[in-house]
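Below is a structure I'd like to ask you about.
When the chains are written out, they are named A, B, C, D, E, F, G and H in that same order, and each has its own residue count from 1.
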Amino acid sequence: MSLREIEKLLEKVKAGEISIQEALKTLKLMPYLDLGFAKLDTHRHIRRGFPEAIFCEGKSLEQLKEIVKEMQKVSPKFLALRASNEVYEAIKEVAPDAIYYPIARLVLIDRKEKDSQLAVNRLPILIITAGTADIPVAEEAAITAEAMGNPVERLYDVGVAGVHRLLDHLPKLMETQVCVVVAGMEGALPSLTAGLVSCPVIAVPTSVGYGASFKGLSALLTMLNSCVPGIAVVNIDNGFGAGYLASIINELGIK
Amino acid sequence: MSLREIEKLLEKVKAGEISIQEALKTLKLMPYLDLGFAKLDTHRHIRRGFPEAIFCEGKSLEQLKEIVKEMQKVSPKFLALRASNEVYEAIKEVAPDAIYYPIARLVLIDRKEKDSQLAVNRLPILIITAGTADIPVAEEAAITAEAMGNPVERLYDVGVAGVHRLLDHLPKLMETQVCVVVAGMEGALPSLTAGLVSCPVIAVPTSVGYGASFKGLSALLTMLNSCVPGIAVVNIDNGFGAGYLASIINELGIK
Amino acid sequence: MSLREIEKLLEKVKAGEISIQEALKTLKLMPYLDLGFAKLDTHRHIRRGFPEAIFCEGKSLEQLKEIVKEMQKVSPKFLALRASNEVYEAIKEVAPDAIYYPIARLVLIDRKEKDSQLAVNRLPILIITAGTADIPVAEEAAITAEAMGNPVERLYDVGVAGVHRLLDHLPKLMETQVCVVVAGMEGALPSLTAGLVSCPVIAVPTSVGYGASFKGLSALLTMLNSCVPGIAVVNIDNGFGAGYLASIINELGIK
Amino acid sequence: MSLREIEKLLEKVKAGEISIQEALKTLKLMPYLDLGFAKLDTHRHIRRGFPEAIFCEGKSLEQLKEIVKEMQKVSPKFLALRASNEVYEAIKEVAPDAIYYPIARLVLIDRKEKDSQLAVNRLPILIITAGTADIPVAEEAAITAEAMGNPVERLYDVGVAGVHRLLDHLPKLMETQVCVVVAGMEGALPSLTAGLVSCPVIAVPTSVGYGASFKGLSALLTMLNSCVPGIAVVNIDNGFGAGYLASIINELGIK
Amino acid sequence: MSLREIEKLLEKVKAGEISIQEALKTLKLMPYLDLGFAKLDTHRHIRRGFPEAIFCEGKSLEQLKEIVKEMQKVSPKFLALRASNEVYEAIKEVAPDAIYYPIARLVLIDRKEKDSQLAVNRLPILIITAGTADIPVAEEAAITAEAMGNPVERLYDVGVAGVHRLLDHLPKLMETQVCVVVAGMEGALPSLTAGLVSCPVIAVPTSVGYGASFKGLSALLTMLNSCVPGIAVVNIDNGFGAGYLASIINELGIK
Amino acid sequence: MSLREIEKLLEKVKAGEISIQEALKTLKLMPYLDLGFAKLDTHRHIRRGFPEAIFCEGKSLEQLKEIVKEMQKVSPKFLALRASNEVYEAIKEVAPDAIYYPIARLVLIDRKEKDSQLAVNRLPILIITAGTADIPVAEEAAITAEAMGNPVERLYDVGVAGVHRLLDHLPKLMETQVCVVVAGMEGALPSLTAGLVSCPVIAVPTSVGYGASFKGLSALLTMLNSCVPGIAVVNIDNGFGAGYLASIINELGIK
Amino acid sequence: MSLREIEKLLEKVKAGEISIQEALKTLKLMPYLDLGFAKLDTHRHIRRGFPEAIFCEGKSLEQLKEIVKEMQKVSPKFLALRASNEVYEAIKEVAPDAIYYPIARLVLIDRKEKDSQLAVNRLPILIITAGTADIPVAEEAAITAEAMGNPVERLYDVGVAGVHRLLDHLPKLMETQVCVVVAGMEGALPSLTAGLVSCPVIAVPTSVGYGASFKGLSALLTMLNSCVPGIAVVNIDNGFGAGYLASIINELGIK
Amino acid sequence: MSLREIEKLLEKVKAGEISIQEALKTLKLMPYLDLGFAKLDTHRHIRRGFPEAIFCEGKSLEQLKEIVKEMQKVSPKFLALRASNEVYEAIKEVAPDAIYYPIARLVLIDRKEKDSQLAVNRLPILIITAGTADIPVAEEAAITAEAMGNPVERLYDVGVAGVHRLLDHLPKLMETQVCVVVAGMEGALPSLTAGLVSCPVIAVPTSVGYGASFKGLSALLTMLNSCVPGIAVVNIDNGFGAGYLASIINELGIK
């Protein structure tokens, strides 16, 4: 129920067109959050153009096509995550302009509305990986951040095995106002990075590794236990979540 | 080695006061990061007045007094975490102006330098707890954020058992540009909150609970696995880390 | 040994047809529980028509056909769980009237005896999912509950990411006398639901998720640690168990 | 905001005492759930007299006294869980009629209002333990159920080590319409019980045990993995939750 | 209901003193297992004199005294495990002849009936520990085995750090028909022992260790994963279980 | 035996005081590990005919054929475990008389030497499963026990869901002198069985189950934490280990 | 930036060719570690010829070819780990001299520069496995160690099930100055070995096993908890790490 | 050595073809485990003066005094670990020259024999900690290494939070031939260090931390999963093990 509808209702009450009891009944049954939430959701979109995301794994091609069709009706821009090439082909049938990012395993469906100019004055988000195997997760973060209107700088394969690789980019590190650090195995790179910079560091553990890495658990624990403050941890392999979080933080810093 | 010192060295080289070989030796042995890091550290302080923190648990009173004495020489403002009243009494011997926050189990040592006016134009950070037992961790976050120059609003005991308690404060939620959500047991509050707001939500699992809460593991996993994007997770009971992270995010949004 | 057989034995004792010692020996070896249990099992069936269930995973088609053949002799209605289409085809060979529910991955074998009219006066069981990926587990619960004679209402994809989706159905929630809430990832929906309703909430964690969801462990712990009382937890992905439990609870409320 | 207040507002609109815009503003800011939730909470109480519960562990005596004072204003009957004798003494200062159950480590604060007659026609809830060490948890469940108006039958120390101890009470088992089974160590008793009865079995793992019982984890897993349907699992040592769940199930069966 | 009672019942039926229907009713309600189980329990005792055991941890002195009093009525010999000296003093009040084994933390209550001569012809059980810290658990096993009528040989502190310590006793190892091997830390001794002998090896992990021993989990896993067949694992620190199991195996080999 | 003693022995040999054969015998009994082991191994074989076992999973067909060829040279009878039909075909190429047990996934290579008559006077080993899905592991135990010369009785699908199924076979249970109980899911059957019998119970957890069964961990913990003494636990799915252990225990009881 | 470049810069300052401010800017931006690290890396290579390693799993053939091409430019010798035959074929396209070790699943790319003669005077590294299934990991260690210039002795399949197999090689064990012990399942062999030798023992747990081996966790814990000092543990299945560590230890002992 | 070979040897002795001493020598080298071990142990001591260690936790003062008394008879130098001051006082009663290191919680009992001069030409072992709370474990390593004759350099509190603290000591790092790195919390320091040096790095996780550090598990996993080769991991808090391992590695490099 929109504010306008409530207004109309009040007008009818005032005009005596409906009784107070009838109005009361309508208001009582009013899905209370409609007014708040619908507005919120719209508002969110206008302000930020953030994409919602569909997690494709474990869904059939038919289901995905149905969901994309529905999403297109309400959302000008959204992402399909963990999408194989086969998934992309299916989505393209219902969303012909969908773009596929194979490394990030991600499909972007974008009606290209008025969002693009919003992000003009943003600083780039720096996205860092420890190894090359972490790149798919980093790209998921990067495409997400770009879809949300942020420039992105990529700094890949600068893990702690050779600390100078990271230190070589210290000036760039010190300029960024939010960075995403993606690392598997021992996951020490976010700690090291956060010790160098003063901005928020979003740490993304990956399932890259073997043996006692326990599919990313080791990297996750490392990041949670960092002795350096300023680290925000997200779920294992959650590139989308990291890109999203980086975007809403980066947005705060727009001058 | 400061930039000024390097400049002087170069002047001496130019003036022929020292040989190139001597200058080279000095530069070669120059603790390479000194110039970068010392500056960085100072720079950090000037810009932000962020406190370093001492973790008191497992340190003797003698050790803590020694560390506080050393810290006072280099840091105008810092925190001692997980401090019992006995620890506070010991610290006061070497830092008479230290202030004790018993609920947060935290001591603030603050030389009260030029930081205070810096934070004038910051928006408040909203700090939310699910239950009353989560308040000590929330207060650790709150005092940290305040020590870093942020106004703080507290919204305690609004857990998911009665969702209306949180919804009652929706307007406040929608205004904040970063919030900290502290919850033990099932730890569902950050998900719920992040579904309502559009700003970054810093989720702090606490060790409050029993049985299969496994000292906060359950709440931690809940927060990491949230289906709502925009959540930054920190370690179990890590109020300091949450307050710190909230501060450096909040700082970005200063107009 | 049936009561009738014992009666006959006693008659023989009375008539002196067998000695006391012989009767004693027979009674001593009497499978003591036969009389109690056989009756119990029959009794159960008459009263409730509850289906037994075969877990198909890890059984060969031959084994399954054999088991179904045996089950048909003793049970008028039963379920085969985690059944692929291939399994269904095999079962149909020995149970031609078997019905396949592909989303629930479930086969129902029902001789359609006198159970159906028993459930006439039951209230519907409400089955809720957090996401669309939780639907297969929810459908396993739903078909089970229906097979046990309950009407079922489905309320799918109302997870905590948008709390208004659940709140929109508050009147329906408040009417039900038992509901099943199926959720993966952080598994917070049962807590939220139980905070809104006053009836028992059966919480089913699913293995939907990735990374630190650890195949449903995260959702399971969330549900066990709920700060809201009134939640009954079943095993991960155990739709059958939830539907069964909901049925025997719902049956109590028949007027 | 109560329905009455909205009604008054509408009357003022009708009477032209306030403008539509003013009324709209009031309604817009109206804490939307107030009307729904406040009613709900009251409604709950009238219907059921269920106690809320305070978890005492980790709260100071001062905090507990404060909470009890506040609770007394809104709740005619509630429980304080995990309460030591010292906690009880503190609570008694602010709630002189509080009753202490030392085995259950539980304090009942009961204004003795109109609830008592409600439960007249309920069947007893059967509460079973595997061992004597499980009794404190069982008593927490029992007192909770009694406080919620249910008769309780106790059947303690009938664990699987001697299955005849349980079988001796088969008639009683078969009569109950909900039972609570409390067990530590291997936690097999709920499975065994659920194989004998046709009613819902609420399984409570306890932290009783040593070694690989991992403080109740073993019993918890056993109960979750039961091959017998009809088992509702609650958290380790969660006697309150079990008693509460049993009560709202038992209530369904009132004739 | 004893066999004798059933016999009497049958006599009454034969004599026409009660009707068949009355007899049937009595038999139907007869706690079916009484005849089987009571006999079984008595039978067990006569044959073996095995002690039941009370786990003292977490029970109050009053409870323990009560339990011991009850046990004395039905059991000629039993053990109280994990008993402090204080517990022993309490038990002695109700069982003056109780004997305390402080290293094993065990109290033996023994009416010294006809069991002792039964075990005359048993071979000794060999009980081995890896370290001296494992001795309390080993002694719990040893006293249990002795209480069950077995001679025991102790071979302590022969862990894998110096394999010659075990090999020096190879002849003794090869003679035994069952041995118990108690080890904490890495728990490798049972594997090594089982590789040398051909008799069953009962492996008891202990919680001795630190760090990644996780209170005995490491030793437990080692023993379960042994590449040598012939190893029977019991719970961490479960000396009683090991001694009991060794006894019932050893008893098989009596010539 | 000290160096001095060996020296003396050599002196006697030189002096002709003892024969070479006598000296040899003394020396032969000394260095137990050089000539001791060969003897031991031979001795073992003569006495018991126990099969060694090859774990086939993760080995190539070529490797397996090579290992079987080597084993045939030294071992008259052995097993290949976890063998697919394809593995069997490969083994048959080098061991034409190999017999395949498809349910147990086991190949027996048996030269049929003098062992068979040894086991004449053994009692049967009772092998019990909770469900039908546990049968492959039970069969691995059964074939192993049979290969080691034991008669085996199978009692399958008698899990705790219907306790009467086990109780129906109580006389058989009470006669056996060792039994193997195989169970997945909650794994409660060994506890129940051990509460009924007085002989050693070898408990085999299986990986049968789903969700929180964690591939057999739940069943394993249940068995380790059993409150009933007399249970020997082996690794998850370790049918071979159980059959082997049962055999060497059963052998002790030969009259 | 090399020392030579800094020297040139200083010369220009001295010569007045550039201003002090320009020099300062250059130095300030100078990647501070370039001088230290580049030298270090070169130095490492000259001294030791150690191979870097590419972890192939999870990388596409295209990515691997690209990485190998890049690596060849900077590294005279390196390894590709976890390489299937297909990976090898791809690598050979860009590195025709690449050698494949199928058991170790490892490709060696070696330009055969001046390293070979360096290792002339090294002692052999002893590489031991518990079982045959551990050989692939052992071979990864062996080829790595050989690629780093060490002679290697292999001692395979000498696990604790038959301790004499290891003891037979005691003289060889006592001669080595570093050994690698590879074991899965219970992982007890490193403890046993370390109890016999006085040199460092590098313990490599493997994922060989089943059930409660939890993919190598059991063996890992065993090795970490060893009661014998002198054991260095590496990650599960980390043959490369073990071979590398053994090499840099072995290198210390060159006479 | 086969029986036949021994027989031949005896024949030669009898025939006087070889002397008794020659035969003795041959035999002496054979049964390695009887006379071999004693020799080995002595040999070890002469060469290295390594201390054995007593783990004091969980042992009574009486037991410890007894053990120390026994140890003094056979070992000229040994350590008592995890020793409180009270333990030290007890040890001093039987070993008056015992020295206590309170930070390392370690007692050294040293008869000051001929070992001291052996270590003259060793390079120092570098012992590094991440934080001050890691110092007790580092000191345990340091004292152990010193007791084994090594000079030790300490570099404490140089964790990754400020990477320049470690880099400042790069020259020292590059000189050492073995270093020990002690770290709790996220445990990233060994990775970082190993990326800088070319010598073996012994990584010691500590239980320092809170929340998701799980008493050192997080740091342990980090170290095991390091992407940098050359790291040897020991158990959590195992300073003794690290010091011991460092010593036997360092000893290899003696010129």
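We adopt the following convention: a contact is a pair of C-beta atoms (placed from the backbone, for glycine too) under 8 Å apart; a residue touches a chain by one contact, two chains touch by 3 or more.
None of the values given here were measured: they were computed from a predicted structure.
Participant: If you check the contacts of chain C and chain E, which chains show up for both?
Facilitator: Shared contacts of chain C and chain E: D, F.
Participant: Name the chain whose C-alpha centroid is most distant from the C-alpha centroid of chain F.
Facilitator: Of all chains, B has its centre farthest from that of chain F.
Participant: How big is the gap, in whole Å, between where the Cα atoms of chain E centre and where those of chain H centre?
Facilitator: From the centre of chain E to the centre of chain H is 40 Å.
Participant: Using CA atom averages as chain centres, what separation in Å is found between chain A and chain E?
Facilitator: Spacing between the chain centres: roughly 59 Å.
Participant: Could you tell me which residues belong to chain E and also touch two or more other chains?
Facilitator: 32-33, 36, 162-163, 167, 196, 211-213, 217, 220, 224-226, 235-236
Participant: Which pairs of chains touch each other?
Facilitator: Taking the chains two at a time, the touching pairs are A-B, A-C, A-D, A-G, A-H, B-C, B-D, B-G, B-H, C-D, C-E, C-F, D-E, D-F, E-F, E-G, E-H, F-G, F-H, G-H.
Participant: Mind pulling up the chain G residues that touch chain B in the complex?
Facilitator: 3, 6-7, 10-11, 13-14, 16, 20, 23-24, 27-28, 32-33, 35-36
Participant: Please name which positions on chain D make contact with chain B in the complex.
Facilitator: Touching chain B: residues 29, 31-34, 36-37, 41, 55, 57-59, 63, 67, 82, 205, 207, 216-217, 220, 235-238 of chain D.
Participant: Touching residues of chain G toward chain H in the complex: what are they?
Facilitator: Contacts found on chain G: 33, 36, 40, 44, 47-48, 53, 167, 170-171, 174, 177-178, 196, 198-200, 202, 220, 224-226, 229-236, 240-241, 244-245, 248-250, 252-253.
Participant: Note which residues of chain E are touching chain G in the complex, please.
Facilitator: Spelled out, the residues of chain E in touch with chain G are 130-131, 159-163, 185-188, 191-192, 194-196, 209, 211-214, 217-219, 221-228.
Participant: In the complex of these two chains, what residues of chain A are touching chain G?
Facilitator: So the residues of chain A touching chain G come out as 132-133, 162-164, 167-168, 171, 208, 210-213.
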